[in-house]
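Per-chain numbering from 1; labels A, B and C assigned in written order.
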Amino acid sequence: MPGKINIDAYSLLETVRKQRPVVHHLTNWVTIYDCANVVKVLGASPVMAHAKEEAAEMASIASALVLNIGTLTDDLIEAMKIAAKSANKKGIPVVLDACGCGATQLRNKKTFELLDETRIDIIKGNASEIAKVAGENVRTKGVDATKVEKDLIQIAKELAAKRKATVVITGAEDIVSDGKKLYIVKNGHEMMSHIVGTGCMAASVIGTFAAVEKDLALAAASGLVCFEVASECAVKGSVGPGTFKEKLFDYLYHLDKKTIDSMQRVEG
Amino acid sequence: MPGKINIDAYSLLETVRKQRPVVHHLTNWVTIYDCANVVKVLGASPVMAHAKEEAAEMASIASALVLNIGTLTDDLIEAMKIAAKSANKKGIPVVLDACGCGATQLRNKKTFELLDETRIDIIKGNASEIAKVAGENVRTKGVDATKVEKDLIQIAKELAAKRKATVVITGAEDIVSDGKKLYIVKNGHEMMSHIVGTGCMAASVIGTFAAVEKDLALAAASGLVCFEVASECAVKGSVGPGTFKEKLFDYLYHLDKKTIDSMQRVEG
Amino acid sequence: MPGKINIDAYSLLETVRKQRPVVHHLTNWVTIYDCANVVKVLGASPVMAHAKEEAAEMASIASALVLNIGTLTDDLIEAMKIAAKSANKKGIPVVLDACGCGATQLRNKKTFELLDETRIDIIKGNASEIAKVAGENVRTKGVDATKVEKDLIQIAKELAAKRKATVVITGAEDIVSDGKKLYIVKNGHEMMSHIVGTGCMAASVIGTFAAVEKDLALAAASGLVCFEVASECAVKGSVGPGTFKEKLFDYLYHLDKKTIDSMQRVEG
């Protein structure tokens, strides 16, 4: 049974700030700004480029690649495959945010194509999205999470082993597993579910941390700790979802070791 | 002549918060985040999906569909038609924001194609956009409203009757008519015209309320009252258009019966 | 050697607020909202329209055209060419933000196609982007600026002469040259580099000022002064990049002659 542990999330954040890795995205048109901006306020360098003709070259100068199928089209998925193959060849981590997987046949089909045709290093989604990727019988209602019956830790572990990837299930408690190691990140605040974009931003944060740390489960857990500690601070300093979001960027930018260490709630 | 009336806008907002309807959008790339976020802070569940291959399926799991031609292309309009036909079949309301109609031949042509080939339940635009849809001789300069000579209430009523739809003309005073009933919503603040996106968000709010109320004129008027009362509150609590917008989301999220009832200014 | 000068940036801002010019954009999907909104808070009227079928017509009703290749595709570049040719025919200024030029072969190729096939009146980028456009040997890492060895003023002047255009190199000190006149704008704050979008917004501001002033170097310098004076004010009134950005819109909206005149730091 998992117990309380401490991870040194700050040291990875410090590395991000020093190395300023380029994090390449092919993402959705809804939260594309927030995905770029969250990478920027962490101290890294976002680049969003989805043309098939440059996706491979851009991935080759990046340190991580983030894919998000939120507003997928056939063309965009083709560009994602090209970018992912280039990232695989260079050996940089590829994050897939299975945004809305389970909602339509197209999303299911394209998610599995990405997983089967390229190497995805980190598979990220909410409970119903990951359950769908894992082959469970769920029907997602749009892009918000719906209830999943089976134990989520079990789903994460099995999917990680099956896909030889790190799996991240976001929610009130985030589950991170690479099939062996397990982290449960208990930080965060329900206000995060009242604005659009926190899920997508979480994937970008994970990609940014994965750009500087080979232990991808540790990278993902550390990124989530930083993102969610900042969210907790932002909730305290705001009156509603609008001001919360702006303060989230403020707190992420100013995040320090003392705050992270004192506020982190991780089990593993 | 219309006189002051009271509508129970709060009870519809409460229903939105309880039912959390999925509101499907095919919209423009400028304000897509704001459209999604306004639906979210109202307590509903936005989904933005424009691939032709999934537009019908996504519409079939939604409770309302919002179309906005702000950055239209041929492909996007084709997907809108597919989504609208699916929505028509399911019997959920379809809102069309005729954004920029009158500015170019393409916008005019595609607006009429959508109106002729699918059933649009709520036609929404500013004065010059709706005048164009109604067949008046206007030339829109970009996407901002230009002066229209003819009486707007008359235009709304006639267009509603002709298209068997609810018509919403936004402006300093919003006009809502289904051909029989008439609401004039006098809430709002001119600061709303100093940022990009309030018009698009208004359509998303209307779609969200239409998702839970079959009387579409009442739904549209109630949504506008809530949106514009929150705007008035946000103006008071801010110093300019940047902070106004964030506070708008704050106030919409916290909107309560007392505030709505005491601040609403509706005629009908 | 350039010395301190005063330019009447406020009088151009006043003209923008009076004339409310339509500024047409074909830009990237990351910062498209911010580009539109910055034009709006300046008092002008943004329009974003990228369909090939309407790009020419929309440009023909605008007073300036802003092109930004941040998330270019072949299709989007084709629409940019159509819009630029229409703008050239009408005689309105065309601004090109060479966003990410130097990062990939596609960006290089398409930037030169735009420059060779249409008349670009203002070429804008950061140091590495403009160096690439000028034929220097640089490799941009993503979209953030990298070090350029050669003297930037020299690069700006030579490129301006070669392309018969006004050249703007943004950075801690912005360089504006039309080949004859030179402005160095020393306003701004490094916080601007910690959020996504300030570079893109700068191009939109320049386009807005160019819409009302035929001396394009003066227009560009004046726009940059206003944008960066507001940024300095916004930094003082905020605690981090999130609140900074919202305050930036507030201060731009409220910008007055006294603030601009007392804070401007321009050499030429």
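The working rule: a residue touches a chain if its C-beta (ideal position, glycine included) is under 8 Å from a C-beta of that chain, and two chains touch if they have at least 3 such contacts.
No experiment lies behind these values; they were computed from the predicted model shown.
**Q** Over half shared or under half: which fits the residue numbers at the contact of copies chain A and chain C, same or different?
**A** different
**Q** Please state the rotation angle, between 0 and 180 degrees and to the nearest 5, that superposes the Cα atoms of chain B on chain C.
**A** 120
**Q** Taking each chain's centre as the mean of its CA atoms, how far is chain A from chain C in angstrom?
**A** About 33 Å, centre to centre.
**Q** Of all residues in chain C, which are in touch with two or more distinct other chains?
**A** Residue numbers touching two or more other chains: 29, 33, 245-246.
**Q** Using the touch rule from the top, collect the residues of chain B that touch chain C in their complex.
**A** Touching chain C from chain B are residues 28-31, 33-34, 70-74, 100, 103-107, 141-144, 194-197, 238-243, 245-246.
**Q** Residues of chain A touching chain C in their complex?
**A** 22, 24, 29, 32-33, 36-37, 40-41, 45-51, 53-54, 57-58, 61-62, 245-251, 253-254
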